[in-house]
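For clarity, chains are labelled A, B, C and D in written order, and residue numbers in each chain start from 1.
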Amino acid sequence: MAELATDNLGTQGAARGGFGAWLLDPKRRGALLVTPAITILFVMNIFPLMWSFGLSFFNYKASSPRVPSFRGLSNYERVLTDDKTWERFQTTAVIVGSSVLLQLIVGFLLALMFAKAFPLRRIVLMLVLTPMMLSFVSVGVFFKLFYEPTFGIVSYVMNLFTTEKFVMLGSPAGAIAGIVIADAWMWSPFVMLLVLAGLVSVPKYLYEAAEIDRASSWRTFWTITFPYIKSLLLLAILFRTIETFKLFDIVYIITEGGPGSSTETIAVFLYRNAFQFFQTSRSAALAYIVLFIVIVLTNLYLYAVNRRAQEAN
Amino acid sequence: MKTRNVLSGLMGATVLAAGLGATPALSADITITMAAPDWPPTRFMKEHFDQTYQSPDGNNTTLDMDFIPWPSFYERVAASLTSGEQKYQMIVTDSQWLGAFVEGGYYLNLTDKIKEDPELQAIMQDLHPALVSAYSTYPHKTRAQLEAMGPAPAEGVNYYGFPQFPDTYVTFYREDIFCNEGEMAAFQAKYGTNLPCTYEDWQDTDWQKWGQIGEFFQRSAGEMLAGETLADDFYGIAYQAGKGYDFSTMAINAFIWQQGGDIWDESKMPDAQAEGVVNSDVAVAAFEEYLSYLQYMPPVAQTGQMDIFVIQDLYMQGKVGAIIDWVGLGEPVLDPSASTVSDKSAFGPAPGTRKADGSIDRTGNIGGQPFVLTTWNSDEVVNEALNVVKWWLSPDTQLAATANGGQSGLMSVMAMPEYNGLRPWNRAHVEMIDWQKDVWHIPEFFELLTQQQEEFDKAITGQISAKDALDAVAEFQQELLEDIGFIE
Amino acid sequence: MARKYREIGKAGWGYTAITSVVGFIYFFPVLWIILTAFKTRTDALAVPPKLFFTPTLENFTSVFFRASITTGTSQATDMGLYFFNSIFIAFTSVGLALIVGTLAAYAFSRYPLRGNDTYLFIILTTRMMPPIVVIIPIFLMFRLSGLAGSYWGIILLYTAFNIPFSIWLVKSFFDELNPEIEDAARMDGASERRVFFRFCIPQILAGLSATFVFGLILTWNEFLFALLLTGVETRTVPVAMARTLGGEVGVDYGLLAAIVTLFLVPIFFVTFLLQNQLLRGVTFGTVKK
Amino acid sequence: MTIELKKLTKRFGSLTAVDAIDLDVGDGEVLCLLGPSGCGKTTTLRMVAGLEYATEGDIYLQGARVNDLAPRDRNVAMSFQFYALYPSLSVAENLAFPLHADGLSRAEIEQRVKRISDTLQLDKILTRTPGQLAEGEKQRVAVGRSIIRDPQCFLFDEPLSRLDVQLREEMRGEIKEVLQDLSKPTVIVTHDQLEALTMADRIAVMRDGRIEQVDTPHNVFQSPENLFVAGFIGTPQMNLLPATLTGTNGHGTADFAIAGGQSMTIEVDPRIADLAQGANVTLGIRPRNLEISHDPAPDGISTKIDIVEPMGAETLAHLSDGQHDLRLVADWRVPLSEGDQVHTRFPPGATHVFTENEQVLRSAP
């Protein structure tokens, strides 16, 4: 009761009167609480984003001392009319699509497996969760080694079954598969966790009722399990799609975009433009096109989250 | 990081100078921060500096090396330079980066310093002209142009870098199988020519024989090799055919140059063309020859990933008889903990193209790295940095570097009688360095390189023909170079 | 008594055996990496691949010691420092993001502004940009502010990196709490601070720990920013790891594997301890029990 | 008899949830398992359904041992405490759900759904999903789903616990009616004695995994067999007064001393004679059986009225002798005022005597 209005969150309570009182007015409490987060975000994230957004309208090259001049939308025009951009988007779509699909399937099956309680589940679950904790670099390096035709264990095992030498990364399709497998291996556990969270949220009595009602496991799955996890699956798709869109290290290490340019994703293309070609402005324009796509995906994602929240209510 | 920056060093110098009054020689605390890839030749430089360096101006000088992992070296340096961080006083750089970072205003033009300083002039004149051309000049001057212009500093030439580690391609080969009598006889019987065993044999080895070696030693598990049964497949030859960075370009350029073809030659700007040169019939034939030997190489060749490290590993693990690789990757081959062939290896010059007169053209693309100074430093720091350059390029330091796995670019050092004996590949290296040329130095080199690597990779992995690849390269280069005004 | 059927949702040791096989297959690449850490280069590249070999600890020694080029004597590497840096930077920034994010999340949950959802969306958007693009301006800013190479710089950057997720997750936890309890506490004379710390926070502790683990996994292995924005003294393990990827030889598989193995230990245990919360955390708090 | 449990035991680790119970339920009989939470009643029900294993003992349905049968093979119907309606299905689909396993024709299913929905007045809500239903409607759907097919027995787990008082009364009647029509062995688990007393043919009172008494509602109330049942059944709770036997006079009349120095002579069950002098007993008497007078009497003790709570037709008074609290329910016309000193009388035959081992002392009827 002795604690009066000065006792607000985020302050040490001493300020009274003047600016202090103004600041601590309960009307501003929300704004005050948000301030530290927004400040950090602004300085570390939003400012650089605006900087590069501004750049996308100039002809700036980071390697050149020339004063950049304003070019309006010409960078966007150039990026959007470049055949390579569309090729890279196609490659990215194929890799993102197949990787996310594989993650969903594997993650989903793993989740079904771990939905039951069994002895040592905590330990066995850790075996499956570990890939997520590795760095992209080490996953890339070791999968590349696994695929290596002479030294790789994958090649060795495959060679036991074929007479032709197994050369995983020798064709565009094989290289895409190699990347997709590595990425999906690493991130399927993430999908698994999402789905598992959905599965464990299904009340057990529904399964008991279905058992008493003698429902087949197929019918049980579609009437009980699936409705509970479908929005989580959508969540998983969108979240993984957004993240896989940024996939860089694994591609760069395993294939460097090869053979030819068959695995060059947008992220690798962006890297080359920004960091190797020093097309700073053009790459900023490309990045904003990517961001636009990602924002569309994010909106879908939020829609999914909101729907999930509504269902839970 | 011993964070004593240049500024505080200078302030220390001022105070010290005031205290000493009339003493003519000013001594100062100077820290030179150097961006360096993390590997033995630079580690040696740092260690040896700490052990031996004495500033001739009496400065208290610290060489603060920022060791950056090789695979990330370019990103780190590029980000530092283009952001204006001004962190480094010296930078180890690939010769191709010269254009981009000179034009950016980051690398210091040393022409005037060289003009003023006889010691530096002596060093420049003692450096092998191929190295001066590749490592130091921008705009790029070829060795022939430099030699025509007279001793350094020549009028109209801008000088930037000095060799930190000059590197060339040489042949690493398995003495135990190449000098195996049974194999030698079989080879002789099959091809009517000798299997190269000695250094001199390799001096007479051209690409045709290289291909024969590849065909000859391609054996499956269970077959015999030099009297022993193979547990695993074995291959005769390997050279790099990797998509990464500049890997396949380095090897392919050698074929093109040796056969009389050319890449777009920036030293003849703006008259040099890409279209018609890059994809000339000669160049196409050279590239086709390069591709024709891939069938004799380990299966990783089909992936476009057979880079300098992959062939080194294949060689060290005893999967391949001979490889062409950088001298800089030689040390591990002799290390028994990394290599199964440490006691069976010998080195020779890389093969080349036999000319009409019977001699062999070994023109190759130079490797290795120069180091440069940066533009934002005070005279005092620049002068001390040049002292470090002189220390590094002194015969004693260069000999010590060579003994510890480095290489020298000084002709006087390379001519020393003990030089060839310091490391087993030195003789080949000295022979090869005379053949070196370099790829482009222009700021847009990375765009040229990336596109070219991509097309080469398509040809290497069998997606398109050599001609299609070079046509695509020529078209792209022509358009890009016309765009920026390098081709009129 | 023979049991001919299973209770729903439960399984016994037989099932453990099946899942262990699947888990083991899934874990195999990790196991291979760990085994590689105990191999010599020749064993690591042996054909056929070796499952059984004479283990060596040399790779682990090499993580912390290297031979001098000139004298051949053993010198300590800075790897110990890098491990400290990684742990210090990751835990501090994730913790900081959690604190700052929790305050903001509380505000977004309890004092919604007009356009609340829009703000939240913008905050999430900052996380979606490919990092390559913002590297140069961030680098520039770090140079201007003198943050480059300092602990504070990279910590603040990672904090910013983690704030969006922290806000989103923690907000959803706050949203699930019954605000009546807080009102009741206020009626009883509790100060705002007391309401927050004594009533709200304890109820979402599980959610906070899930957020923490989640942030940790995403931060632990970050490479690009660490490469460009840390100095020699503040370098993290993922950056130092890159030195094993090429130089005089190609990838030093054994050394890389040894570093990966050591680097896995802390996060593995944190994840293990907070596993149940993690299950909840990844759903962004949208699943109600 | 159609449900028969023999020495049925369930242990979770070291905890014994159900301890060797024997029970049988006849055809058409409704048996209520009644007890405080954690007494093992739900576990027992779930073992019958097959949702939990029996650790030991046997379960017979229609004479066949079903321990090793999965729930789906036991042909039982069960209604769950939280109704367990399938959230993604409409009411009609929920009702039809158990019929799919029987492979009935669509017309047959529709007809059955209609019949059930008529019986339970669900026809107006057939197209809704569970999320759109009120609690009482959910309850009816749950009951409907369990009775739509023809099982060997019905099991209800706390069927009314989530309803408010009024709905509960309504549903009690409805369910009772439905069960009478079905005429199948039925087990209802409840912690609410009123529910048990009104719906059950017999009640099994459970505590700590054991059955304390199985009997008709009347007998459980009137003739509790032990101290627990006596205390558990009846509202307000039975008065339980610790006392020492100081003398017996034959014909069931005995002298008791209670703490605080008072003593009384009352008429109890004749078997009191079996006890030795000085035996410690507990005297149990329902609040409605106590009487008061203003004059001292030997068959009672002297008390003071602490609190008076009018309950409409009756009045509840809390009495105290300084050592013990007694509850008394009297007709509303009896004048009671707080602070009055009164004599509390134990009429003949109204007092149960429980021995030191908590069992009642009662002659065979």
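In the analysis below, a residue touches a chain if its C-beta (ideal position, glycine included) is under 8 Å from a C-beta of that chain, and two chains touch if they have at least 3 such contacts.
The model shown is predicted, which means the values in this text are computed figures rather than measured ones.
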More contacts between chains, A-C or A-B: A-C
Longest centre-to-centre distance from chain A, chain (CA-based): D
Rounded Å distance between chain B and chain C, as computed from the means of their C-alpha atoms: 39
Cα-centroid distance, chain B relative to chain D, in whole angstrom: 93
Gap in Å, rounded to a whole number, between the CA centres of chain C and chain A: 15
Junction residues of chain C - those touching two or more other chains: 8, 45-47, 135-136, 140, 241-242, 245, 251
Per-residue multi-chain contacts in chain B, two or more chains: 75, 79, 82-83, 232, 310, 313, 317, 319
Shared interface positions of chain A, touching two or more other chains: 62, 150-151, 208, 211, 275
All touching chain pairs, where touch follows the definition stated at the start: A-B, A-C, A-D, B-C, C-D
Interfacial residue positions of chain A with respect to chain C in the complex: 1, 3, 7-10, 29-34, 36-38, 40-41, 43-49, 51-52, 62, 110, 113-122, 124-139, 141-143, 145-146, 150-153, 156, 185, 190, 193-194, 196-198, 200-201, 204, 207-208, 211, 232, 235, 242, 245-246, 248-249, 266-267, 270-271, 274-275, 280, 283-284, 287, 290-291, 294-295, 298, 302, 305, 308-309, 312
Residues on chain C engaged by chain A in the complex (per definition of touch): 8-13, 15-16, 19-20, 22-24, 26-27, 29-30, 32-33, 36, 45-49, 100-101, 103-104, 106-108, 110-113, 121, 123-126, 128-138, 140-141, 156-157, 159-161, 163-164, 167, 172, 189, 191-194, 196, 217, 220-221, 223, 238, 241-242, 245, 251, 253, 256-257, 260, 263-264, 267-268, 271-272, 275, 278-280, 282-284, 286-289
Sites on chain D touched by chain C in the complex: 50-53, 67-70, 73
Interface residues, chain B side, partner chain A - complex: 75, 78-79, 81-83, 100-101, 103-105, 232-233, 243-244, 298-300, 302-305, 310, 313-314, 317, 319, 443-444, 446-447, 450, 454-455, 457-458, 460-461, 463-464
Chain D-touching residues of chain A, taken from the complex the two chains share: 203, 205-206, 208-216, 219, 223-224, 227
